[in-house]
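In what follows, structures are represented as structure tokens.
Paired with chain B in one complex and with chain C in the other, chain A is shared by the two complexes that follow.
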Partner chain A sequence: MNLDISHKGNVVVLSLSGEVDMQHAPSLRKQLLSALEERRDVLVDMGAVDYIDSSGIASLVEAYQAARRNGTRFALAAVSDASMRVLQLARLDKVFTIHPSVETGLQAGV
Partner chain B sequence: MNGVDRTSSRVAIEVRDLVTHYGERKILKGVSFDILEGEILVIMGGSGSGKSTLLNHLLGLLRPTSGAIRLLGVDITKAPPREMQALRRKMGVAFQGGALFSSMSVGDNIMLPLREHTRLDRKTMEIMARLKMEVVDLAGFENLMPAELSGGMIKRAALARAIVMDPKLLFCDEPSAGLDPVVASSIDDLILRLRDAMGMTIVVVTHELESAFKIADRILVLDKGEIIGLGSVDEIRNSASERIQNLLHRRTEEVELDADAYLRRLTGEE
Partner chain C sequence: MKSDGEASATRLLHLRFRALPEQLKPVRDAIGAALCGAGCDFAVVGDVKLAVCEACQNIIRHAYCGEEGDVVLEIAWEPPGAAAEKGRLVVMLTDFAPPVDTASICPRALEDLRPGGLGTHIIRAVMDEVAFLPPPEGAGNVLKMVKEVGTPS
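The block that comes next holds the complex of A and B.
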């Protein structure tokens, strides 16, 4: 997994690529929670994710709940079909805010 | 159902010339087959056909007399312990009786493989376990003890534990046996969803015909330690083999009676 971080105003865009599995989920979790601690809005760009397992999904779930507690915004963008199937398995496609692209997410204010 | 493309998929499980014995008795008599990645193979057979023995060999719980079993490229008949341990992290098993630890809550049972095999944060593990409880429709039951669960709930909890590590290979022993038709059907749907969402390769041992026909990409029929049929649901259903049709229609094969041997068995004079 590769994780790139960029800032667009108050929004932290975390761009993930490759395989988000148990080996990499802890660093994803750490980055997500640290962005949220700074009370930033977070947009996770999943456009280049080849595979995400439950540990990666769990990190996203924990971060989303932390954002809701914070009163900050948290959304996913450009979710591939493969990642969407994993989200759908636990009905999380109905829980997360999901934008078709990073641009639309930013336009919507995350 | 998505099914698998047999022309482009890779082999996930390869069994070659598998021969096994219990003592002097030959149980599997040279069994060979492949299972492709993302495929659901259902193993069927009557009592004593060798299907449970075959499953135990696929799980690496028994050592064969001869032959090879390769799971994700690893020959488990020869693999050193460290390689087997790495492989086991990619395998999930839902045992027939659930095999839940009675002294642990349902949630702790499901989380157990994560605690044994990973160093993930406790919060991550808890969410992963709860996600799988949602998937198997056991949400909110994490604090119950196994003794408080119904038969169908135990099977679903066992399945949740089997998939908590997102295994590449999932083995299910009689996942819907003894359940009412509605619950059994929901477990079949779940197995299909797991394959479609996660791309798991799934081996199911069952004697439930309806379930086999619903979930299988291919069915392997074992009888007396030999493969007597291996093909798609339609191929097996329409097979001209009398032995397969007997099995499908639960007809008992008429075995010719050897009166002398029978009397010797009864009187212990063998």
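The block that comes next holds the complex of A and C.
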């Protein structure tokens, strides 16, 4: 898994790529919660995620819940087919805000 | 990770590996090579990779509980000689941890939004049969998962 972080105004864009599994989920969780602790909105670009399992999904759920507690926004963008399959299996595709692209997410204010 | 090179008409993969998170990617790569080589389509390969790795996570977390140990993965066609057009992929995962209470392993309600606890649900969603078998002497737990291939799900 690779994770790149960029800032677009008050929005932190985390761009994930590769395979997000049990080995890498703790790092993802740490980065997501760190951004949310700074009271920033977070947009996760999942366009280059080849594989994600329940560990990675759990990190996203935890971030989603932290954002709700903080009153900040949390959304996913450009979700790859492989990631969408797992989100749908977990019935989280209707829970998360999902944008077609990072650009549309930023235009929508996350 | 050790790979068994025995030629077999039905066996597609036999691996023994340490129950560690960093072993999961090499395991997925081995599954991908074996099943793609056997003619399975991308969706089937993806589902088997996901189910095996979710099951391995459960072994690491709940069977070995942080202790070190091995896992044996076997994937074979059933019946012998079946092919990717129509057959059953039988996946066996064996660990050597103390036996777990299989009656306590069940998917949680998805309406209960919280991190974790999704692995068992995902396994049951992507595989057609999931069952714990009585372990042979010396083994701890045996999980059998079956993926129907080439038939409507």
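In this section, the second predicted complex is superposed on the first by the 110 of 110 C-alpha atoms of A that agree within 3 Å, B and C clash if a C-alpha of one lies under 4 Å from a C-alpha of the other, contacts with A are read in each partner's own complex, and residues count from 1 in each chain.
We take it that a residue touches a chain if its C-beta (ideal position, glycine included) is under 8 Å from a C-beta of that chain, and two chains touch if they have at least 3 such contacts.
Just so it is clear, the model here is predicted, and its values are computed rather than measured.
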item	value
Side-by-side fit of chain B and chain C on chain A, or clash	clash
Touching partner for A:E19 - first (chain B), second (chain C), both, neither	second
Which of chain B and chain C A:A90 touches, first, second, both or neither	both
Residues of chain A contacting chain B in one complex and chain C in the other	22, 53-55, 57-59, 61-62, 85-86, 89-91
Footprint of chain B on chain A - complex, ascending	22, 25-26, 29, 53-55, 57-59, 61-62, 85-86, 88-91
Chain B - residues contacting chain A, complex	118, 120-121, 123-125, 127-128, 131-132, 134-135, 164-166, 193-194, 196-198
Contacting residues of chain A [partner chain C, same complex]	19, 21-23, 51, 53-55, 57-59, 61-62, 65, 82, 85-86, 89-91, 95
Chain C - residues contacting chain A, complex	21-22, 24-25, 28, 46, 49-50, 53-54, 57, 60, 110, 113-116, 118-119, 121-122, 125-126
